[in-house]
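So, here's a batch of structures to check.
One chain, chain A, links the two complexes that follow: it is found with chain B in the first and with chain C in the second.
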Partner chain A sequence: MRRRRTSGIVRPSGPGAVMLRGLLFAVLALFCLYYLVPLFVMVATSLKSLEEIRAGSFLSLPREITFDAWGKAWNAACVGVRCDGLEPYVWNSVLMTVPAVAISTILGALNGYALTKWRFPGADIIFALILFGAFIPFQVILLPMARTLGQLGLAGSVPGLILVHTVYGLAFTTLFFRNFFIGVSDGILQAAKVDGAGFFGIFFGIVLPMSLPAIVVTVIWQFTQIWNDFLFGVAFTVGDSNPVTVALNNVVNTSTGVKEYNVDMAAAIIAGLPTLLVYVVAGAYFVRGLSAGAVKG
Partner chain B sequence: MQRAVFLKSLRQGVERRLPLIVVSPLFALSLFFVYGFIAWTAYISLTKSGVMPVYTFDGLAQYERLWATPRWYVALKNLFIFSSLFIGISMAIGILLAILLDQRIRIEGMIRTIYLYPMALSFIVTGTVWKWILNPGLGIERLMRQAGFENFTFDWLVNSDFAIYTVVIAAVWQSSGYAMALFLAGLRSVDDEILKAAAIDGAGPWLVYSGIVLPMLRPVFLSTVIILAHLAIKSFDLVVALTGGGPGYATDMPATFMYAFAFQRSELGVAAASAVMMLMTVSAIIVPYLYSELRGTRK
Partner chain C sequence: MAAGIRLESVRKFFGANEVIKGIDLEIEPGEFVVLVGPSGCGKSTLLNLIAGLETLSSGHVFIGGQKVDTTPPRDRDIAMVFQSYALYPTKTVRQNITFGMETRRIPKAHQDAAVEEFTHLLQIDRFLQRKPGQLSGGQRQRVAMGRALVRNPAVFLFDEPLSNLDAKLRIEMRTEIKKLHQRLGKTAVYVTHDQIEAMTLATRIAVMDNGHIRQVADPATIYENPVDLFVAGFMGSPPMNMIRGRLVRDGGLFFAPLGDRDGVRFPIAAAEAARIGAPDGQEVVLGLRPETIFAAGTELPGPDRFVFERPVAVVEPTGPDTMIVFEIGGQDLIARVRPEDAHPPGTPFRFEVDMGKAKLFDAGTGLRI
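This part shows the complex of A and B:
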């Protein structure tokens, strides 16, 4: 985000202004706490033993740090009747997310490029119709999708989820690339066309290399969306092919036996870590994706 | 010779139509998987479908059944309570934090990162954490009792009258940073000259914001409300992870209602009817918005 060069509205002058400034920082700090406390609770609880959780308060630091809960969440916690931890489901999520992100990004780039740089009659209407697909409540396609996956022989499988995420991610990736390409000047492309470069020549030779920022934004957005998806995972997969979000929910809501809050929290961290890491490393791009979600780039 | 000419013209023809050739299959995918599926669901909502889909037309009977189901009214009431509180509180926090962050804060980048990180998490993760914080046995309730308030009760999570508010608490935590980011971007786009002129005229910060800046941000208000409303109507994961729709079906929302009727109770007709109701609600909000947004960027 662009910073203002001129000073802000609250100008520090006199004791009143200094107090105001102090209040400002106090409120900002308070909200930092508000957003951070759940993260702290999650990490602290995951490092405690069950006895300590029962004896102490959920806000206290662990007295003795133990990684037992992490180990259990990774390879021994019960997801339904199977007690292998989250590990197999993390791999399901990886196997689902990587191809779905790659395919939907490439197709979105092609789509956005064709719709903005090779304008043909009806391009705007086609774009509007595709874009609407990004905003529908997916409940309205759950039933026919389940049947279609069954007929394709993909019911309850990771490839089935790849197909679903690619199809419904396409609307968003097209939107991202369209917004990016609209800002790219037509001059270079016209020159290349005059030189005899074709549709794909220009795409691979000129457009793709310069759209790296758009690619990063799209990949991060798609990765976060698909990794975090729950609805498609729970509706279209069973047991062994569940993505990690569904498995996490099953771990937490397994009603048999003692409630192991430390394992629940470790499992939540494992499920949340990949997207959190991406956010920490590439936060600026993530924010750009969020604001592109408001349609305009 | 003729063959070569033919091939050349064929090549040129293909080359000229390549953009259309590339877009068409992708557009066809969208037509099939979005509009075809919507049509299928809409048709099923007009049939007798129960456990299995049947294709004999049955008029609006499923909609009559839907609107005669008490659980549907619970879901609608919850959606209303949830979205008004969720949108209202998220907007209030978002505006407040955006204005505060706009005051030349040196560590703004770091603070912004902290405010926004919950957006990167899955709603299932958020729900799991808040379920633990809000659980009456070991969470906030016990913390307060240990602090000396022996009779403190905070059992919203398992209380049918209040459970929906726990969903609001967790959802606001996750999404208010998003509202902040949208408003901050809006504030940054306000012309500095206007602010300077107002300051020269002696307008204090309160007047500058309430009288000049916020009215200028009307489009940002609109898009933030729409984005949050869209999130609210689709909210499914958080309810499932936090309350499972319970106690009973006290925290059901249209999204969980549809899922329960489709996949657990196998009443496809009612499920399809509720899905169509959801689609109509979302469309009523999103279509005018997309229309006005796209008209602006069209060249």
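This part shows the complex of A and C:
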């Protein structure tokens, strides 16, 4: 694909225009700084030793780069009374997030497909009800959900969290896929029906491969939501089954001993990295999928 | 093997809105029937009812003698070509064509043979590994045709398959569809709003309007003997001239256009006049196809000719013919003359009408008299 550097529209020129552009870039630079300084402080601090942090300014570059804090955050920092670092909790988060994202995405796709392409009486009402789920504040359902998990024998466990996240993600995933499928031509479905395919044959054979953009958006959204969730994690898990967000909180809030800012910063970055990774990897797929699958008319 | 289709008092409601209002139609095996009509007349819905993509509200559909009222599309032994082509965007041309055979678990060797035969026939064998997005409109159209053909069904259904193509390609594909039909001899039902497509392709045309079939007949009959003003006006381009006027009995039967002050009176052909018992003064509509009005003296003389003079209002050259628009009693008429006979606007022109081809319709009911 050829890329043009500008849109080609004729712009005003002259000293006034140059000044305005200068002003525009100054404002943009200011905003960049505003967003990037916290990241800089985190990365810089995580690479410093404790002595350097105490001695210097928190805005200065590290004099000596050391990864000790990262190592400690990963496998030696104390989370509550246990001092194994964040590693086991990162795995908890992975074990929770991956199935929850996968299940909620595939069910959302099925919902959206059924709601748009296999219309049934009351489909709109059902969609409205599902959509309503997107507006329920999560605090409201903490108690009933705790009781439900207890009844199911899933209280305080990772599978319990998977269930919670799947159920509360469905509103969003259904919305995403429903809005995508509504734009898919019914003719394709009719052709597939004449071709002899049934509900699942069309879903897996035709519709799902077409919905890569929707899948990517949903996966990024769901992964970010579930990985970053703190409320359900702290409410429905205990100790060893905590997700990394809860563990991070416990690392930072450990009140015994010296405050290790470098370890805290490293731990925070570790907890945040996976969402960034998913965004970059899935985003790349997204762009490629858009240009490869583009069908006009 | 071709199969016939029979529709028995087929009705379809969308909510309270009756879209198909009791249609009976018998299609012989091997026939090419074109359903034609303006948008919203129900022709596509009728096709979908035959395909099983819509559920009947009442009535019956038979394919090959079998009642298929409750049979899903895949079990009706049909193949369909859609207006939007409806190709599967993520599949290659080959996968698009074989998808129907895959779902029917047809042996691989048979699939390959079918793909080879029909992609060669349609000249798309070079594109088998491409995705639909990489093909031009005409090529996509061919793939859609190929997907229908490989299935070797008893009945082909076409839903305005050519309307997304440009004019030149449309004519090319029209010929190709006709060739394919002659070669395969399968029953085909073809929906279009284009009356030229209908005329060129059909063995029989069903003209639809507002959920009814107005007339079913072979193309020549539809064109020459329309049953009413709707059919007469729909078929033909430029459309038939329809002049409002009165019958005059004055030592013979004449037609006097309304609003005309020059005393032009079209004599009704003797054979026609003998048939018509309508009284003097009855309001009627005279239908004259543009090609039955030409420059006086340019055709071999024949019976029932009538010559009159009018000033030319507008001249519209089309290449092979030139259309001349003129007025009678405030009503615009079109004559089709040879380009060399045309006169500039404003000049008087002597027109000759072949009254033997004129049609009379009742002004109230629109039916042929």
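Keep in mind that, in the parts below, the second predicted complex is superposed on the first by the 265 of 297 C-alpha atoms of A that agree within 3 Å, B and C clash if a C-alpha of one lies under 4 Å from a C-alpha of the other, contacts with A are read in each partner's own complex, and residues count from 1 in each chain.
Everything below uses one rule, namely that contacts are C-beta pairs under 8 Å (C-beta built on N, C-alpha and C of every residue); 3 or more make two chains touch, one makes a residue touch a chain.
In this text, all values refer to a predicted model and were calculated from it rather than measured experimentally.
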**Prompt:** Who does A:Tyr35 touch here: chain B (first), chain C (second), both, or neither?
**Reply:** first
**Prompt:** Touch check for A:Leu152: first (chain B), second (chain C), both, or neither?
**Reply:** neither
**Prompt:** Taking the superposition as given, does A:Pro209 touch the first partner, chain B, the second, chain C, both, or neither?
**Reply:** second
**Prompt:** Once the shared chain is lined up, is A:Thr224 touching chain B (first), chain C (second), both, or neither of them?
**Reply:** first
**Prompt:** Does chain C touch more residues of chain A than chain B does, or is it the other way round?
**Reply:** B
**Request:** Check the residue A:Met19 against both partner chains and state whether it touches chain B (first), chain C (second), both, or neither.
**Result:** neither
**Request:** Go through the superposed model and pick first if A:Val238 touches only chain B, second if only chain C, both, or neither.
**Result:** neither
**Request:** Look at A:Gly272 in the shared chain and tell me whether it touches chain B only, chain C only, both, or neither; answer first, second, both or neither.
**Result:** first
**Asked** Of the two partner chains, chain B (first) and chain C (second), which one does A:Ala192 touch, if any: first, second, both, or neither?
**Response** second
**Prompt:** chain A residues touched by both chain B and chain C?
**Reply:** 293-296
**Message:** Quick check on the complex: what are the chain A residues that touch chain C?
**Reply:** 185, 187-188, 190-197, 201, 205-206, 209-210, 293-297
**Message:** Looking at the complex, which residues from chain B come into contact with chain A?
**Reply:** 15, 18-20, 22-23, 26-27, 29-31, 33-38, 40-41, 44, 53, 93, 96-97, 100-105, 111, 113-126, 128-133, 138-140, 142-143, 146, 173, 177-178, 181-182, 184-185, 188, 192, 195-196, 199, 205, 208-209, 223-224, 227, 230, 233-234, 236-237, 240-241, 244, 254-255, 258-259, 262-263, 268, 271-272, 274-276, 278-279, 282, 286-287, 289-290, 293-294, 296-299
**Asked** Inside the complex, what are the residues of chain C that reach chain A?
**Response** 48, 51, 53, 72-74, 78-80, 82-91, 99-100, 103-104, 131-133, 137, 147, 151, 164
**Request:** Give every residue of chain A touching chain B within the complex, in rising order.
**Result:** 1-10, 24-25, 27-28, 31-32, 34-36, 38-39, 41-42, 45, 53-54, 57-59, 107, 110-111, 114-115, 118, 120, 123-124, 126-133, 135-145, 147-148, 167-168, 170-171, 174, 179, 182, 198-200, 224, 227-231, 234-235, 245, 248-249, 252-253, 261, 264-265, 267-269, 271-272, 275-276, 278-280, 283, 286-287, 290-291, 293-296
